[in-house]
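For clarity, chains are labelled A, B, C and D in written order, and residue numbers in each chain start from 1.
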Amino acid sequence: MKVTIWNEYMHEKSNPTVAEVYPHGIHNAIKEGLLEYGIEANTATLDEPEHGLTQEVLDNTDVLLWWGHTGHGLVQDEILERVYQRVLQGMGLIALHSAHYSRIFTKLMGTSCSLLWRVANEKERVWVVNPGHPIAQGLPRYFELEKEEMYGEFFDIPEPDELVFLSWFQGGEVFRSGCTFRRGHGKIFYFRPGHETFPTYYNSYVRRVIANAVRWVAPEPGLVPLETIRPPFPAQEPVPGRNN
Amino acid sequence: MKVTIWNEYMHEKSNPTVAEVYPHGIHNAIKEGLLEYGIEANTATLDEPEHGLTQEVLDNTDVLLWWGHTGHGLVQDEILERVYQRVLQGMGLIALHSAHYSRIFTKLMGTSCSLLWRVANEKERVWVVNPGHPIAQGLPRYFELEKEEMYGEFFDIPEPDELVFLSWFQGGEVFRSGCTFRRGHGKIFYFRPGHETFPTYYNSYVRRVIANAVRWVAPEPGLVPLETIRPPFPAQEPVPGRNN
Amino acid sequence: MKVTIWNEYMHEKSNPTVAEVYPHGIHNAIKEGLLEYGIEANTATLDEPEHGLTQEVLDNTDVLLWWGHTGHGLVQDEILERVYQRVLQGMGLIALHSAHYSRIFTKLMGTSCSLLWRVANEKERVWVVNPGHPIAQGLPRYFELEKEEMYGEFFDIPEPDELVFLSWFQGGEVFRSGCTFRRGHGKIFYFRPGHETFPTYYNSYVRRVIANAVRWVAPEPGLVPLETIRPPFPAQEPVPGRNN
Amino acid sequence: MKVTIWNEYMHEKSNPTVAEVYPHGIHNAIKEGLLEYGIEANTATLDEPEHGLTQEVLDNTDVLLWWGHTGHGLVQDEILERVYQRVLQGMGLIALHSAHYSRIFTKLMGTSCSLLWRVANEKERVWVVNPGHPIAQGLPRYFELEKEEMYGEFFDIPEPDELVFLSWFQGGEVFRSGCTFRRGHGKIFYFRPGHETFPTYYNSYVRRVIANAVRWVAPEPGLVPLETIRPPFPAQEPVPGRNN
C-alpha cells in the first residue's frame, strides 16, 4: 500500500506558534503516526514542482492524505484535475480538518462545505457513532482533545454514506467529524480534528483513526476501474438478447 | 389527515412531579401543540380497551405519535402487530423520546435501540444538520432546552435514511436526535426530546418540529399499498413479456 | 410555486425526426404535461440571452427542470455558477435523461456521471422500488416505454439519498432511473427516460413522475437559507455558553 | 476467521431434482466454494440439536451464512434470539436467496421482506453498481446465470446502506440483488441468487461474491462490543465535565 501525505506546509513556515508545534511540518507528524502502525508514507508539499503530485507519484499512490488551509487557492487546475481523476479511478482520499474547503474535497462533494468555526482553545470530545466500522476500531466510546478549534453545524456536505464520529465542543456546538463517501471507484474519509496550532496529530487516538482510515480508503488489491466512458461514446458490444 | 397521539399515561398518574408538569397527560400537551398548527388529533392510552388502538382506529389513522416508557412491556402482542402492519402499509409513525425502547420502534428498527442516559437537569441544544428538510422548517440554526434528560451515543439504530437534528448536552454527550426511516410504505421519524419531568412539549420549537413531522410522515394522499406477499406465496399474475 | 423548464433546444431544430416528435421543443411538451397537473411553468433555452437564466429569472424560480445533450459544453461558466448557487440555496433541480452529463448535474454530483448507452428502439420498464415515496405516487408497480434509448450501469454517481425507480431494458441492462440527492438546501431528482427521438414526454406515467417530482423538489415554503460562510471567514457571533 | 454455513437442508432430502444438483447439500457446495479462496468453514443444519447453533458454536463464529426456505417457521425462538444477539455484537451475517424470508433476516430488517417471484428457468444478469466495493472485486461489469428463479421488485427492505448488485431478468423484472446493512456492531449482506433447483453455488462468479462477502462482513479483529444497555437502565458512570 503506497501512501502519500500532502500538506500545503505554509503555516509552519510563517507562524512561530505552529512551527513550535510542528517543527517538521504537519505532514511529518502524520507520517510518524502512521509508522507506529507499520504504514510507510511519502510526503508532498505545495511548493514542490507540480505540488509534488506528478502523474507518476499519483499513479503510484493508493491513499492520499490532504492537509490544506490558507493555500487552497494556490493549487493549480491541472494538479486538481489529476488528483480528481485518480480518486474516481480508485485512489483513496483522506481530507483532514481545514481540507473541508480544499478544491479537491469541494469538487468531489459538489457543495460549499461551509461550516461554523471558532478558535477558543476549547475542549472537543469525539464520539463513536458507528462502533462496528473499521475506522472506529480500537477506540473507546469517545476520546478528548483538550484544546482544538471548533467546527460547528450546519456542515454543508452531501449526506455521508456512513457517519463514524460526532464531535461535542465545550462552547455548545456539534459536528459530523468522521464521514465516509464513495465517488467513482474511490473511497473518501473526512476527519475533522487537526488545527495547526494544537498538537492534535501527536494524539494517540487521532493517530489510530488516521491509520484505520488509510486502510479503509485503500483500493481493493487488483482493482481494475471500469473504462471511463466519455463522449464521443464508444460503440457498445452487442449483447445476447438485445433487440437490434 | 387523521392523527392519533398515543401515550402510555402512567407517570402522570403516579408521579406528582410529572402530574404537575402535565396535569392532563403528555398526550394532551402534544395535542394542544398540534392545534397551534391547525392539526386536529385524537388521543389513545394504554389502559383503554385494546390500548385505544382498535383496528378501526388504526385504519382511520394517517399518523400515529407514540410516547411510552415504563409501560413498554405492557403493550399486547396483538396490538403491536396491528400497529406494525399499518406502518408497513403507509401509516406514518413518530416515536418520541423514551419510545426509542418501545416494542413498535425496536421491531421496526431491528436493533436494540440502546443508548446512554442521565437525568441531571442539564441543558440541551438541538442543532439542525439538514436545513432544507421539511421537518426543519421554521427553526433557527439551533434551539435550546434549558433542562432535559441526556441521551448519548452510541444510539444503536440502523443508519438513518436522513439525519435532521443533532443534540449537544452540557455534560459532554452528543446524540442523533432527529432521524427519518422508511419501512414498507410508511415513514418514521424519531425525535429525542421529551422527558416526563420537563415541560418540553410546551416548548414552541419542539411543537414546531412535531407539527412539521406530522406533515412529513403522513402518507401521500391516495396511497395504495402494493399487495402484501406472504408465504404461502400466491401465484403471480403473468406479466406481459415474461418468458413462460 | 414557480417552475422554469430549461431545454438546450438544439436537436429539435436540426434533426427532422426530433422536430416531428417535438415540433415545439421538448420544453413545451414538458410544460404541457405539467399543466395537466395544474402546474404552470415558464421555459428558457440555450440561445436566449444568458440562456434565459438571468439572475432575476433564477431568483424567481423554485424548481428548475434541465434537458441538455449536445450543447452541454456551450453553457457559460457564469450561468452555471448562478444555477449552482441557487440549488445550494434551496431551488429544486430536476435533471432529465442526457442531463446526466450536464455541467450543472456533474458539478453537483462530483463524479463523472458516465454510463452505458445504446439507441436500439428497445423496450424499457420502469419499476417502482420505493412505493411510499411522494415521487412514486399514482403509479403502478411498473410502467413501460415501448421504445427508448438504453442507459446501463455502472452509472457513476454518488450513492443516491433515495432510490425511487429502477429500469429494465430489453437488451439486458438495468439502470437506477429515479434518484434523489440533497445538496446544500436544495433537492435534486434525476429521471432517466426522455431520448429526443421518442415521444416519452407525452407518456402519461412520465408526466405523472415529473409532476410529482416538481412538487417534491420544491423548497419548503418560507425556506430561509443559512448564511453562506465563505473565506475569508467572518467573525462568528459569540453564543451563550461558549467558553471565550 | 471462523465461518459457519447454516442450511435448513430439507429440499435436498425430499426433492430428487435438488438432490441431484446438491447431493451433499447446499451448505457443502458453499463450503467447497469458500475453500477455493482459502476460507475454511463449518456447517450446521436445522435438524441438528439446537439447529447446530449452540451458544458455543456462535461464540466461535465470526461469519454466519444462512440458507433457508421451507423451514423458516421451524427455527426455534431461542436459537433465533441467540443468532440475533450475536449479530448485534458484531458477527457478520450473509443471507442467501430465500433467506430473505428467514426469521433472522426479517427480524434484523424490521420489514416484511416480501418480493415478486417466478420459477421459469429464465436468465439472470447480475450487474455491478458499486465497482469499488470490496464485495464486487474481481468481477466483470456483469455476470450471467443461465437459469435462475426470478425475484422482482418491490423488495420490501429498508433502504440498504450500500447497493452492490442489481439483477436483470429475462422476463422483465429487476431486483436489488446485493445489499449491505449494519445492525448493532454487525455487518449484513443479502445476496439474491441460489434457488435450490439450479447449480448456482457452483458458479465461479457466485463463489467469488460469497468469498468477498465473507471477508467484508467479518468483524474487525479485536472488536469489543460496547456494553449492551437494557432496561432497567444501569447507573451510568460519571464522566469528566458532566454537570452533576
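One rule holds in what follows: contacts are C-beta pairs under 8 Å (C-beta built on N, C-alpha and C of every residue); 3 or more make two chains touch, one makes a residue touch a chain.
Here the structure is a predicted model, which is why all the values come from computation and not from measurement.
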So if I look at the partners of subunit B and the partners of subunit C, which chains show up in both lists? A, D
Farthest from subunit D by Cα centre, which chain is it? Let me know. C
Nearest whole angstrom, what separates the Cα centre of subunit A from the Cα centre of subunit C? 30
Between subunit A and subunit B, centroid-to-centroid distance (C-alpha), Å: 36
Multi-partner residues in subunit C (2 or more other chains touched) are 123, 125, 130-131, 141, 154, 159, 161-162, 172-173, 182, 184, 226, 240-241
Considering only which chains touch which, label the overall pattern as line, ring, star, complete or other. complete
Across the complex, what residues on subunit B touch subunit C? 90, 123, 130-134, 137-138, 141, 144, 161-162, 170, 182, 184-187, 219-223, 225-226, 240-241
Contact set on subunit B toward subunit D in their complex: 72, 88, 101, 107-112, 114-118, 120-122, 154, 156, 158-159, 161, 170-173, 181-184, 226, 228-231, 233, 236, 239-244
For a test of understanding, state which residues of subunit B touch subunit A in their complex under the given definition. 125, 127-131, 141, 152-155, 159, 162-163, 166-169, 172-174, 176
